[in-house]
Amino acid sequence: MAKFITFGELMLRLAPKGYLRFLQESEFQATFGGGEANVAVSLANYGLDAAFVSKLPVHNIGQAAVNSLRYFGVDTSMIIRGGNRVGIYYLEKGASQRPSKVIYDRSESSIADAVSSDFNWDIIFKDAEWFHFTGITPALGPNVAQICFEAVLAAKKAGLTVSCDLNYRKNLWTSEKAEQTMSQLMEYVDVCIANEEDAEKVFGIKAENTDVTSGKLNYDGYKEVAHKLTNKFKLKYVAITLRTSISANDNKWSAMLYDGVNYHFSKSYDIHIVDRVGGGDSFGAGIIYGLSQKMSASESIEFAVAASCLKQTIEGDFNYVSVQEVKNLMNGNRTGRVQR
Amino acid sequence: MAKFITFGELMLRLAPKGYLRFLQESEFQATFGGGEANVAVSLANYGLDAAFVSKLPVHNIGQAAVNSLRYFGVDTSMIIRGGNRVGIYYLEKGASQRPSKVIYDRSESSIADAVSSDFNWDIIFKDAEWFHFTGITPALGPNVAQICFEAVLAAKKAGLTVSCDLNYRKNLWTSEKAEQTMSQLMEYVDVCIANEEDAEKVFGIKAENTDVTSGKLNYDGYKEVAHKLTNKFKLKYVAITLRTSISANDNKWSAMLYDGVNYHFSKSYDIHIVDRVGGGDSFGAGIIYGLSQKMSASESIEFAVAASCLKQTIEGDFNYVSVQEVKNLMNGNRTGRVQR
Amino acid sequence: MAKFITFGELMLRLAPKGYLRFLQESEFQATFGGGEANVAVSLANYGLDAAFVSKLPVHNIGQAAVNSLRYFGVDTSMIIRGGNRVGIYYLEKGASQRPSKVIYDRSESSIADAVSSDFNWDIIFKDAEWFHFTGITPALGPNVAQICFEAVLAAKKAGLTVSCDLNYRKNLWTSEKAEQTMSQLMEYVDVCIANEEDAEKVFGIKAENTDVTSGKLNYDGYKEVAHKLTNKFKLKYVAITLRTSISANDNKWSAMLYDGVNYHFSKSYDIHIVDRVGGGDSFGAGIIYGLSQKMSASESIEFAVAASCLKQTIEGDFNYVSVQEVKNLMNGNRTGRVQR
Amino acid sequence: MAKFITFGELMLRLAPKGYLRFLQESEFQATFGGGEANVAVSLANYGLDAAFVSKLPVHNIGQAAVNSLRYFGVDTSMIIRGGNRVGIYYLEKGASQRPSKVIYDRSESSIADAVSSDFNWDIIFKDAEWFHFTGITPALGPNVAQICFEAVLAAKKAGLTVSCDLNYRKNLWTSEKAEQTMSQLMEYVDVCIANEEDAEKVFGIKAENTDVTSGKLNYDGYKEVAHKLTNKFKLKYVAITLRTSISANDNKWSAMLYDGVNYHFSKSYDIHIVDRVGGGDSFGAGIIYGLSQKMSASESIEFAVAASCLKQTIEGDFNYVSVQEVKNLMNGNRTGRVQR
Amino acid sequence: MAKFITFGELMLRLAPKGYLRFLQESEFQATFGGGEANVAVSLANYGLDAAFVSKLPVHNIGQAAVNSLRYFGVDTSMIIRGGNRVGIYYLEKGASQRPSKVIYDRSESSIADAVSSDFNWDIIFKDAEWFHFTGITPALGPNVAQICFEAVLAAKKAGLTVSCDLNYRKNLWTSEKAEQTMSQLMEYVDVCIANEEDAEKVFGIKAENTDVTSGKLNYDGYKEVAHKLTNKFKLKYVAITLRTSISANDNKWSAMLYDGVNYHFSKSYDIHIVDRVGGGDSFGAGIIYGLSQKMSASESIEFAVAASCLKQTIEGDFNYVSVQEVKNLMNGNRTGRVQR
Amino acid sequence: MAKFITFGELMLRLAPKGYLRFLQESEFQATFGGGEANVAVSLANYGLDAAFVSKLPVHNIGQAAVNSLRYFGVDTSMIIRGGNRVGIYYLEKGASQRPSKVIYDRSESSIADAVSSDFNWDIIFKDAEWFHFTGITPALGPNVAQICFEAVLAAKKAGLTVSCDLNYRKNLWTSEKAEQTMSQLMEYVDVCIANEEDAEKVFGIKAENTDVTSGKLNYDGYKEVAHKLTNKFKLKYVAITLRTSISANDNKWSAMLYDGVNYHFSKSYDIHIVDRVGGGDSFGAGIIYGLSQKMSASESIEFAVAASCLKQTIEGDFNYVSVQEVKNLMNGNRTGRVQR
């Protein structure tokens, strides 16, 4: 059985090539992705024993989804096969002042229609040490929220560390609904991961004097957010990504890790973006790697930010990087010179 | 307002390139298609004033579907915009002994969720002369079957000719359910189009001594099928396609038109197939063109078979051919010599 | 009949993929474009009733050109079919210090060979409110210049607003020839659209102390240019785009609208360019949209600049954007954050 | 200077991928081809010292045309650079009963606008032994016909063998015009190459009882055609290809060589066609190779037919085969087993 | 540990698209393949627990090779990582009379440079039931032949069934060298798989009166071959594929299984080929599946032939089919009708 | 015989499309490149008579390599055909903070296995005026180093100017080995070309206080490097490129030419990189062009830097630019405005 378990939805991602708009394309790049699956792929790429738990249809599109994870050595043996469809998201890549656009077509997917009896968490968590999920999964429906609840309960019982990426999605639920559900789940969470907007959208905890769409960040505000989250939910760690969007092509990227005592801010990267989708997930995987491998808090946040910086230079949801590549970057080799 | 009205679902068709299997592809050819929309495109290509009626989402994938028809000059002004999703079908092209494979992902599409009040048939049929639908559309759900019923009622009231392609789909409904619904609708139909299996699957009317999977056809049997259908539903015409599948690449293709008196068999074509999906729809459009343009029964069936022979040499659901091209073929130029 | 009429040439655009040079490519991206057709597409995308008038061959390449406009709902019913060829332009996309390159192969195209009797402007302009053309069209030959003259005459007679984008093309005619012809046509124009070089090249009216190749613009100079143009031709509006080319990838982009009283300068955008061809046309369409929809002068220029900023983030000549997308940008959402 | 000189037009060939129709494609495969250039490429591939003479524009598209020949080692140093355009032909590949379609856009090309003074044939033919042209070249216009006349005159004076492929093109000239011009040129020709229709279309010499569109050939008739051609023009050799078109995908292919005494019929090949364009040119090149390399008449015709059989299994105008590959096929290895 | 172990080389396969020749392509389809790896993929697709043993470099190309197998769930944990290169084969697909062409570039690959101490066969074979290799592997060099020898010795000791596909490759070794090495290895083999040429090339055992390049097979001759092989090496089963090559596109395909008593001939398939490479490997995997899953001899040979028929309709070395798909075909559904 | 001779290896370059990583791609862009071949292509593009000398296999991949040079008019008649393989390098393009990655697979290539007797330098250098090689070539093995030694000896004897680009490759040899071999060869060199690291890596001559990975350059240090090199080897010219890597996408680029008296620094370019591989080679070709065409030292360095700036905006190893395009840039037109 695997050590690192993630649970959520794996979707088919359909994207026009390059910067083409939806109305221009007669061909879709077809890959797979989803918050928790992306984390599992990162962890497998780092050499950890990672499994992804979900439900996917028996048919060939479902099989293609499963195989996309097996490619990286992710353990897919605990994915339940059944239900009717693989959820889809259509992605149009933005450029300059034109934002990227996501159209979700994920309702009635196999995992969204799953029931509690599909998963036996005691077996799943046998020998495991870490459980990770995101705020997207309970948002798929009350049945899935209930499964999440059963999962975190079992995880704590089995002594696992539990991490959750808040990942608020306004088209899946309202802030009110999110707060209600997530508040319950957070009772069992040790490590909370969030971006610069999530805490406000889900719990109304916000960094004062910061307008994320304006390109300015108030660093003190994020200390306060982390502090309040920690107090509210007895968290061990809060990790927050700090993105400053210059344009669809250029972003500044850094993060902060609060360990209950100190606030560790990472270096900041000026990223010329190839694909920012999955950036947050690769950050979460970096935090999980750092903390589970006993890096210090400050090493952990540098590892996570460097890893997610690299992700944003790579097409697709998955982060095709090794531990060595992340360490090369976090240790200062940022100029992109050719490696022969 | 348009003269020729078709009603049904327009789906996104996602197909791996060439003969690649679903598990081999990281790119999908994205086109649009669907029984009645395919007919509308054919009619527009023949210079007729054709409209397609349906319901499609407001978002960009819905818009791409609409535009795919506007490209041919199909009138899309009566497509209702709303609902949540564009239905999808995944298509894997077979070769030799390996069959083509279709995976449907069409539940909860905008048209499947449509309601009666979405369509005002009296306005839609103003100035129109022909209404066409297929057996797929009522199979989308009782609500859509009800809309179909309202449509044929209004069509007859407005004096239109009504044609229906039986098009039985076993994954949408059972034979029992199909018979029950279709029997009611057929009361209002003038022209019935079917392939070599439909009449049996929907109405239990079958050509004796014929096994469509064996590659042998019993021509007398099909006369009997047409005769029985006509008697049962007071039809003016019954058109049946006769496909003999040698392999996924090679099919024999001919058809029969029964006008209540005579059985008109067409020439037979040995088709080296490029894409057989939409073959039946292009045949239906050929029948509608022939009969509406006052061709004789025997010219009509030759036109329809030649048109659908050409369709099967063309990628995608739509039949990109002109009246002149169909006539060239039906008049004997079958050897495919280069036209400079 | 349509409300907004544009007249000109629609060309086949053949472009190597990405940044490949002509000598590297064995495949051309084949799209269609041309100054006035690009404007018609923009207006149709904004929900206006737009028609494109031209002449195109009967053959399939001509048909593909027509269909490329029908896709957007542009009215193509007034395009005359005949003549021998679709004009072509080959486009190689530049990068960094390497400029984009255009090779024209448009002589003897159907529209270049058109004659006056091909077009009945009284019928074309029935119920219309706006006529738009560019300086490229009369440059195609004296016959086409004559047709333009007949068009503007008829347009004024029918009470339309007439707009003209100067669009000087040195490989089609000389400055002398341009001035002679354009001076006559401008007598009938209400709205003159130009880029930072056109007025000088066509009418010898120039912004002092500005070298457009140096990357520096003299804003006061452009006020003077607009003022002189207005005086010379009794124009209602002069709109001038102001491009500062940092490199083939990065441009600053803003514009000015002079309403005869005030000079309205827009915000400036730092564009990371995807495809700058058609930028001027999308600007012209923005001006036409703003003025015809009764936006204020300052709103109009902001709309036009935001629209053309977005165009430059999109491949091809056409501007695939909606009114809402333009308004989102002009109202300040410039950071390109993902829209889910 | 080269030993084998060919003279004619090299065109840009724009073809949708696979079996897509013109209206389906947003990408053209861009290669180059033309009767005489195709022959030059074949001869260079056979290791002969071949040159192509023509006129092409200075710009990059002209350069790409030149380089496409240099790739094979064809001597392009005698191509005149100037004029305005590279001629184009659009090619849509047929399938089964749907014929391939060619749209020419070659008027006003550089070679069509060439003048006699562009070419100094005495210098071009220095050290040469063979001159080849086709009936397409004089059909480009009276100026080019005149250049052809000067070329054959100089060729005979310099003691070269002259070969001509009749290659009648009905969209370039009428049969009357063709006969008038070609009759004059044929006086200087030693080797006449033709397909099963050319002799009739150009000289009214026809094989009785043969309908090339019916798929039946009258072999005796072709003997008569060759005999009449030889008598009329004092030819040394007449080579005629015999194509039986089963469908756009499947053709039978053989040929006959008449040496003034005997009629040598080749083996016949059942070709599953990849691309038949250039089939005749590769046949002509095979004849030239065989006769110039002192093969017997019967070896020559087998070589030519095998070479052109292989061409039709290869995409594009050019025949990418070696002498060894042709000999392998003509010596009986026809079953296409893998060569490891 | 896995039940089914295969051992050999996994190569990078570089192939131009479609029917393009090597000299036409600027893009290679990059997949992976190799005799024994292809068998492992088939077995994994049939739901068996299969492992592939080999040596591959640490770098990313080596990793891509490993991942290509993990995608199917093949156990890659016993692949040794080290050495310098991934072997390559270039593949050009033939058409009609033009044969496919393979250029090997596999010397100095990691597996070709492997040493005995790289593999601990006792551990590898723990819990296993079947070991499979081909005649290609010992041909890679004496060191690899030695490893093979150690493997079969250990396999027999551990009680595994051993199968070997003779697979003679003339560019790797001579018939003399092959006979010498293979004779030793065959002592430990239970199931011998061969094509219609191998037995002759390796052991000089040949079917009289058969010329495989002529398209005629002598069935009695193959009985004799199987009988002689069995006698010589105490084999339990001999399976021979019988290919009749009509052209590069069309082959007849059947096979025979000799169980020491009876000769079981399969049905014959007329295959319209998509990609015949890997056809023999998919046949071998079919035999292993059939025999290991306790099918009868005659069911086993039908399963193997149907499986390999399907493979030849699929691009690439790997056979992307399920047990159900193979059974559908072997049970008679050969006409390739669409499966919806 | 050609005037400009270059000698080295031409490799097959296999690169995933765009910014895809090795593990993401199932298709490789296949082009050819190599230090000295890249120089030959540049010189041919500038209109000079350039030849490339090497050894390449007889098979089709070898032929494709040869033809890739013939395309530009490079003289390939002195390339020896033989040996077993075309060397390969795999290239993954970096982005932002992710560096480009090169995996070499070039051992045992035809040129690496060449012997002295393969090349007759006296014949090769007949009528030549310049010989160029790089430090990569002698690093291929002692046999190739010996051939280089024979070449420079013959070159000097024949009165040619000899240029060498140091081009240190740490995966081919050590600094010690490099110094030993290169010191001998440099005795015959007139023009030494190097990048900002080479002199240190090969000869231990370094610019003090400069850390090339830090993005800061010490210009005085490079004067010293050039001076020391000149003194050590009696060089006529030393040309050093100065790259400041901001990220994988953005580099500053300039250079210095030392003529033994003065240090000529070029303008600096801010390059938004398309493909930096081959940048140094295009610089070397620029220096050779400038000096051989009697430009002044300062013009030569400006030409070389402008040429190599343009190269980095072009995909592939080869520099597809003309003398005119380079001069346009060096004379100040740097803003990348469209050229119509």
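Some observations on this one:
For clarity, chains are labelled A, B, C, D, E and F in written order, and residue numbers in each chain start from 1.
Please note the rule applied: a contact is a pair of C-beta atoms (placed from the backbone, for glycine too) under 8 Å apart; a residue touches a chain by one contact, two chains touch by 3 or more.
By chain, with names taken from UniProt: A, B, C, D, E, F = 2-dehydro-3-deoxygluconokinase.
Only a predicted model underlies this, so the values are computations on that prediction, with no experimental measurement involved.
When the partners of chain B are compared with those of chain C, the chains appearing in both lists are A, D. By the document's definition of touch, common neighbours of chain B and chain D comprise C, E. The pairing of chain D with chain F is characterised as same-residue: of all residue numbers used at this interface, over half are used by both copies. One finds 44 Å separating the Cα centroids of chain A and chain F. Taking each chain's centre as the mean of its C-alpha atoms, chain C lies 62 Å from chain E. Contact of a single residue of chain A with at least two other chains is seen at positions 18, 21, 23, 26, 67, 101. Contact between chains, as defined at the top, is found for A-B, A-C, A-E, A-F, B-C, B-D, B-E, C-D, C-F, D-E, D-F, E-F. Contacts from chain D toward chain E in the complex involve residues 18, 269-274, 306, 309-310, 312-316, 320, 325, 329, 333-340. Against chain D, the residues of chain C that register as touching in their complex are 14, 21-23, 25-31, 59-61, 63-64, 67, 84-86, 88, 90, 92, 101, 103, 105, 107-108.
Those residues of chain A that touch chain C in the shared complex are 18-21, 23-24, 94-102, 104, 169-171, 212-215, 245-250, 276-277. Partner chain D is touched in their complex by these residues of chain F: 67-68, 70-73.
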